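Have a look at the structure that comes next, please.
In this document, chain identifiers A, B, C, D, E, F, G and H correspond to the written order of the chains, with residue numbering beginning at 1 in each.
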Amino acid sequence: MKQEELKKILADISTQKLSPAKAFEILKTLPYEDLEFARIDHHRHLRSGLPEVIYCAGKSPKQVLTIVQKMLKARSDILATKLAPDVFKGLKRQLPAKASYHESSQTLVIRHKRKRETAGLIVVVTAGTSDIPVAEEAAITADLLGSRVEKIFDVGVAGIHRLLDKMDRLREARVVVAVAGMDGALASVVGGLVENPVIAVPTSVGYGASFNGVAALLTMLNSCAAGIATVNIDNGFGAGCMAHKINLLGEPEGER
Amino acid sequence: MKQEELKKILADISTQKLSPAKAFEILKTLPYEDLEFARIDHHRHLRSGLPEVIYCAGKSPKQVLTIVQKMLKARSDILATKLAPDVFKGLKRQLPAKASYHESSQTLVIRHKRKRETAGLIVVVTAGTSDIPVAEEAAITADLLGSRVEKIFDVGVAGIHRLLDKMDRLREARVVVAVAGMDGALASVVGGLVENPVIAVPTSVGYGASFNGVAALLTMLNSCAAGIATVNIDNGFGAGCMAHKINLLGEPEGER
Amino acid sequence: MKQEELKKILADISTQKLSPAKAFEILKTLPYEDLEFARIDHHRHLRSGLPEVIYCAGKSPKQVLTIVQKMLKARSDILATKLAPDVFKGLKRQLPAKASYHESSQTLVIRHKRKRETAGLIVVVTAGTSDIPVAEEAAITADLLGSRVEKIFDVGVAGIHRLLDKMDRLREARVVVAVAGMDGALASVVGGLVENPVIAVPTSVGYGASFNGVAALLTMLNSCAAGIATVNIDNGFGAGCMAHKINLLGEPEGER
Amino acid sequence: MKQEELKKILADISTQKLSPAKAFEILKTLPYEDLEFARIDHHRHLRSGLPEVIYCAGKSPKQVLTIVQKMLKARSDILATKLAPDVFKGLKRQLPAKASYHESSQTLVIRHKRKRETAGLIVVVTAGTSDIPVAEEAAITADLLGSRVEKIFDVGVAGIHRLLDKMDRLREARVVVAVAGMDGALASVVGGLVENPVIAVPTSVGYGASFNGVAALLTMLNSCAAGIATVNIDNGFGAGCMAHKINLLGEPEGER
Amino acid sequence: MKQEELKKILADISTQKLSPAKAFEILKTLPYEDLEFARIDHHRHLRSGLPEVIYCAGKSPKQVLTIVQKMLKARSDILATKLAPDVFKGLKRQLPAKASYHESSQTLVIRHKRKRETAGLIVVVTAGTSDIPVAEEAAITADLLGSRVEKIFDVGVAGIHRLLDKMDRLREARVVVAVAGMDGALASVVGGLVENPVIAVPTSVGYGASFNGVAALLTMLNSCAAGIATVNIDNGFGAGCMAHKINLLGEPEGER
Amino acid sequence: MKQEELKKILADISTQKLSPAKAFEILKTLPYEDLEFARIDHHRHLRSGLPEVIYCAGKSPKQVLTIVQKMLKARSDILATKLAPDVFKGLKRQLPAKASYHESSQTLVIRHKRKRETAGLIVVVTAGTSDIPVAEEAAITADLLGSRVEKIFDVGVAGIHRLLDKMDRLREARVVVAVAGMDGALASVVGGLVENPVIAVPTSVGYGASFNGVAALLTMLNSCAAGIATVNIDNGFGAGCMAHKINLLGEPEGER
Amino acid sequence: MKQEELKKILADISTQKLSPAKAFEILKTLPYEDLEFARIDHHRHLRSGLPEVIYCAGKSPKQVLTIVQKMLKARSDILATKLAPDVFKGLKRQLPAKASYHESSQTLVIRHKRKRETAGLIVVVTAGTSDIPVAEEAAITADLLGSRVEKIFDVGVAGIHRLLDKMDRLREARVVVAVAGMDGALASVVGGLVENPVIAVPTSVGYGASFNGVAALLTMLNSCAAGIATVNIDNGFGAGCMAHKINLLGEPEGER
Amino acid sequence: MKQEELKKILADISTQKLSPAKAFEILKTLPYEDLEFARIDHHRHLRSGLPEVIYCAGKSPKQVLTIVQKMLKARSDILATKLAPDVFKGLKRQLPAKASYHESSQTLVIRHKRKRETAGLIVVVTAGTSDIPVAEEAAITADLLGSRVEKIFDVGVAGIHRLLDKMDRLREARVVVAVAGMDGALASVVGGLVENPVIAVPTSVGYGASFNGVAALLTMLNSCAAGIATVNIDNGFGAGCMAHKINLLGEPEGER
């Protein structure tokens, strides 16, 4: 139901074109979608400028292309995750020049114009080099959403000094995203070192009893450090969103 | 928002006490709860005579009593599940005479008046005698909701003739609820013997690698027989509801 | 034992060629298979018009073809599930023109003549677009069995308004099939919105801690909404059968 | 190494009591603990006013009392979690009058003086009434840390209208803590309804295939809504800390 | 259908009271249960002298007593497993003098007269002393069924010489029942040492990553030795039955 | 220590070349391997005529060939399991003419001369057609070892009459091997129908919550029927060995 | 076979009472147990002075007492683990005065005389205070075996400085035993800080997704630091043994 | 902070260029990285001669090459694990002649000059031939680190005599590395046979309920033999490191 329709019903009662009883019958069964314009509007307002996100795993190249093209028409910024390199190669020619593909994280970004960057900093750290693709997905996501992002890779706790060396940067961050596979211990140590919120991202890096990231996930969920919350295994995108939303809260109110 | 309130707003427009613009303002921001009477009414219609259900596990005796008393005032039929015998004993004196407690299934029923029973039959079968409490919970639930229920216990497939002996009854049923722990194989066999839908209920009966009902649950989910769907381990209540809803569909349309 | 043999025994008693005592000895030990024609007949009666179903996973293309050809001779309707596109391509030329293959759900249908459709409606909903193949398997199955089916895709609960917009259709359904991977929360929300039975189908869509559908499966088994039962992960076929059987119960008794 | 010692070494160089070369030898091997006062100081500054937290599970009543008494001397605010009612009863007489025990969440708070409350709001929602103890732990924690907290209980998604009714409050929150057991679907739906970060807390409420909170945990980790992160099962304390840290970021910089 | 009824039908044909055609109609639809006397008879024959078995876990003392008393009237030998000592104490006075209770294995035996013992030997070995209750359940079961049984306890593989010392006895056995918790390695070693079949019984003895017998179960299922098969965790009864059935096959044909 | 060496020591004592005390010193520390000829001899005796078995999974084609050729020289019968068709193709030309490869079960047999067959019968039954490869592995193994084997395929319990039709054959068997994936319920039903031992073999057939055979495995371990023991998932070879060993016990003692 | 018997055989050959051929026949079939005195002797030598260990869980108080008394007669040092305080209380009066019971670790030690202590140091560290009982079990075990042991408790990685403060002690240790529940991250960090071997002991401390120590176990197995090996959850005894054996290797050869 | 900088600060105090108070301010906030040279130096000393290790799984061939080349410049010995044969083939031409690749264990070694070998012996044993690649990884690692290593393959416990034959070698070893998949029982038996520490390595060899090494892992963690510790599934490298570190402790102190 459009606002206009509702206004008309109300006007019709007022002008006696519609009895209150009849109007009651209409309004009583009013489906939610008819009132939904409020939320849709609100959403549009809130989300204006946000990229649209396409999770490409399990979609055919054709489906991905169709969605991308529809979005391009709407001039939305676009973030496509888990887009395999060979699928990207097939699509490449049909994408605009500004499309930027990041191979190791399998992420495609199409950005219409650079957003203003937050003053607050998100630092993304990884335990090893194999965790980098997931970390990049988080960093690209947060960056596209408008956050200032810094990356520190390969500072796993088995050589704790590598991490301690970076403490200044970690403490400067408004949010830290800690990405680790195998033993996943990085998140606990980082959580003990910084005051600000930490988003922990387990990765499927490892073998044997890492169970494709379950070991790291459990480590992170059981961290004794307060101020840590965890996302799904390999979910760099989710961590990037969450980190950005938190980061945004720290911006001066006018800028959020 | 009560229906009365909405009616009043509409009447007020009609009598010019309220301008359409003002009414629009009120209705536009109409929280869902304000329209909710529609669903409530609808619900009330559909559910009229339906019992209120209290899941007692994890509620204190006092909480249970408070809820029961509130419901009694509303003259609702009441079904309380997982109500431990000793908790019941403590409450007993404060309950009305018609309160009926079924100890092995830990179920309390307070019924105001007997409903008309469905023509269609629900048959609840169990593999063993230890599955009976869960089966009783299903049977009591479906019975309270208005279904005709018959119970056949201890017809597990390790002695398949016991089950085959009951085939007439099974085939007469509009829905069969198959309750089994340990190997849970009963559901598959029943599913192959009857044409009508089968609701499978795994129970936590067993030891060792039954893993408190997981073995039976997996068996039921993997049944090769078509026309089986499964509820949670020990969820007699859920099976009773589902069976009743299906049974109701078979009643002449006026009676549903 | 063939019917003819039994008839002969009985005739022989009647004509005194066989004493009742001898006949008793023969019939007493009558193996089940000898009486099995009864159930076969009965089955044939009950199942006349039903399609034969071939689960193709793990069968060689040659095995699939052999079974299809035998069924075609018997003029059965045929439903082949999990038939990989490349296997289908190899078989295509040897199939009759009316063979219809649905690629994303990997389903082959060969139908001899259109059945009368049920008055009752099955609505199949999915949380995301990646759940569609499983949903199509359910829809095709129920449709082939004779049910009227409607499909609503991509109404996952992370954008609850998309689902609420479709409430009219959902409430009109006699059975709802809710198909979802990842968090599987769709089934719970749908279960709370409709009065009729809901069949929940977890899918293996997701990554990391979705554990190939286990997360969605557990969500569905633990749903607080009453009137939900669950089938195996990715088991669109099973859901379609179950939904059809329930739907059929709502038809006027002559039409079941 | 105490600050005094370091100061002395430096003074000794200045007064030539110690050669720079000797001092270098001493400082070069300076164990981390010797510099640790820096971080301790820094910590003390940052954490001044923060409560000390005692996780009581697995500690003897005597151990709990000893720790509490030591903290009381230091005039710290105290938060003791998972403190069983009977243990509390035994300690009660030895605690100061201002000690406040919350039975259902098994939380003890001893607060010296009320902190200024944040402008920003944390809303804690639960799916059911059995999730309340964990929600209370989160609320008490965040409140003690200085956050403004509001609680909305029993708005599970099986009756989605109960949740939609509270949308205004949810959207006003700077952080939402969503607490749910069984199917855990609440977090996904809330995550789709609000713009701000959501902390999801699975609870061990449920039975059978809820596996003591695993089902809810997996649901939450797999949520399709962006902007959700999860803490350990029943970890109300962790959720309260994380929510407070996020909430604090939204305060004007001087107040953080 | 009772035998008498079938006899009557056959007689009626013979005396022309019933036409063969009518009799055919009756017999054609003969439900399985009507022929079931055959199997029952057969069963009775085969099983004559076998004990009746009551699995007591999850049965009330009263239920156990009722079943025992019914069986005593039928003069059956009785084996009751998982009968807790305190339950037994309550029942004791109502049991006949010959009732013999074995406390550590929680087994009750009531035997009317000693059966002839098999020539073949079953050897029951355990890895540790904590596995003895399960081993005793197996031994008591096989003994009651008529097998000659020998027990060798505490010969776990961490001290392999203890096992090698007993090789003569093991090799003499017609069947070996290997009972072990913790690492469950006993079955593999025994399986490599003897030619005859080995029944492996994992026990729930252990802690931590023994997961209540899962570790031992997996070890046994993965044994490289040929000629091993496994029963459920702590299922001494099942192992005893299986071992006895195998042992019986080795007896001279007249004695089986 | 070779036999010759031991003989020499003993002779030397006899001829006083060696004092008993010295001999004692030598023999006291006699390493186990030195006496090992006894067991090897014994083994050779017991196992004469038995095939050598090669588990090919994880061995290179070259390794397989080398082992086969060494065995051929020793004129052993050979059984190679899990030998992939393409690996076999590569080896084919280098194998003797009598080498017989069974493709679906991936089994290679090289037999020098036909053994006498047991009088006793092993019946191998499967629930579905996809379980046949594992069943064939069991049947080929038992056959090669010398057992008479009969195969009954596709008699799953979802159509229980198919199984009941075969009861005569099942009851005639000395051992039944029940092979089933998905719900694995076949073993329980068979176990209730026959008196003799049943070896249950779960297969990895199925999808979703079958977890590659775990569902079937758990079903079989939890079977209520007495006289069932289980082997590893897909372990046709192990079942064949176990069944043969049991079958052999039923042969007249001279023939074992 | 006793040594005497072997000596007699050898003497008999020497005195021609026994022919070498006959002796060969006897010795050829010499069962392993007959030679076993060698290993027993060797064992006795190696293990002289070692305590006997009783794992008390699952043993009755009477069984424990019997074993203790037998050992006391043999004047063995005794270590009894998992001995519940109330069981100990019952036994106390019957134990010698030097019996020393450690309540939190549930360990009983009876030592006849103090052994010489190793020069090498074992350091046992714990992440939290709740891990202390398991750490004490390890420390008591290693101490009783003769190792010099030092304990550092509550240095979990969420406050990494607490651990770094103790680096001197850690680096001085010849073996470190790292005991941690919850996230188990301590082992990884310690493993990166020290050169010597680390034995990691997961504990069942934690709740929710710690799964009684599984989270910590997986963390430890997946540690990126080289030079870590893990024992079972809560297995302080095993860690103490392993640490002592390693420590012993570092002693001057004469002292091992 | 470089050493030079610290020296300069200290000199400046001495020469009054810097007041002790100012120096205190600088040193108080001294970030850990500034003192880190101490540990780096120490590390360099300790680790001089140690190989650098590259875990290649999940690294691109180009990444592996870059790291190798950087290390070669530093003249480090290099150990690259999990380097797939086809990746190696691509790199081969760019590697120095002394590069040695071990195909079955997928290990690359580049060694500049042979180290002195330890007097102590590490024995690596495997249960089967399929466990060899993991065993080789362990052996190559320990050998490269400087340990004397001996390998004994295919001595699984299903034929215990094969293992007993090798007891001399096992007992001579200072550390035993026991490598086994499937039932993993080898470690328990070895642990009972030798006095020295045993490192257990589960492998992913097996099928069905071996769950890719989980069965073997659990067996090893639950071993009753004292003096065993376990590493991750297939972690030959970790076992090699641990074994070498233990072995080193047994060398004369000057040689460690």
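What we mean here is this: contacts are C-beta pairs under 8 Å (C-beta built on N, C-alpha and C of every residue); 3 or more make two chains touch, one makes a residue touch a chain.
Computed from a prediction, not measured in an experiment: that's the story for all the values here.
Asks: Strictly by the touch rule at the top, which chains does subunit C share as contacts with subunit F?
Replies: Both-contact set = B, E.
Asks: I need the common contact partners of subunit F and subunit G, sorted by label.
Replies: Chains touching both subunit F and subunit G: E, H.
Asks: More than half overlap in residue numbers between the two sides of the subunit E-subunit G interface, or less? Answer same or different.
Replies: different
Asks: Quick one: point me to the chain whose Cα centre is farthest from that of subunit G.
Replies: C
Asks: Which chain pair shares more contacting C-beta pairs: B-F, or A-D?
Replies: Taking the two pairs in turn, the one with more contacts turns out to be B-F.
Asks: Cα centroid separation between subunit F and subunit H, in whole Å?
Replies: Centre separation, subunit F to subunit H: 39 Å.
Asks: Can you check how far apart subunit A and subunit F are, centre to centre, with Cα atoms defining each centre and the answer in Å?
Replies: About 55 Å, centre to centre.
Asks: Whole-Å distance, subunit D centre to subunit F centre, using C-alpha means?
Replies: Computed from C-alpha means, the inter-chain centre distance equals 59 Å.
Asks: What residues in subunit H touch two or more of the other chains?
Replies: Those would be 32, 164, 208-210, 214, 217, 221-222, 232-233.
Asks: Sort out which chains touch which and give me every pair.
Replies: A-B, A-C, A-D, A-G, A-H, B-C, B-D, B-E, B-F, C-D, C-E, C-F, D-G, D-H, E-F, E-G, E-H, F-G, F-H, G-H
Asks: For the complex, which residues does subunit B have touching subunit C?
Replies: 46, 53, 120, 174, 195-197, 199-200, 217, 221-222, 226-233, 237-239, 241-242, 245-247, 249-250
Asks: Under the definition above, what is the set of subunit A residues touching subunit H in their complex?
Replies: 129-130, 161, 164-168, 205, 207-210
Asks: What residues of subunit C sit close enough to touch subunit F in their complex?
Replies: It comes out as residues 31-33, 36, 39-40, 55, 57-59, 63, 82, 202, 204, 212-214, 217, 232-235.
Asks: Of all residues in subunit C, which touch subunit D in the complex?
Replies: Against subunit D, subunit C makes touches at 127-128, 156-160, 164, 182-185, 188-189, 191-193, 206, 208-211, 214-216, 218-225.
Asks: Residues of subunit A touching subunit B in their complex?
Replies: It comes out as residues 3, 6-7, 10-11, 13-14, 16, 19-21, 23-24, 27-30, 32, 35, 38.
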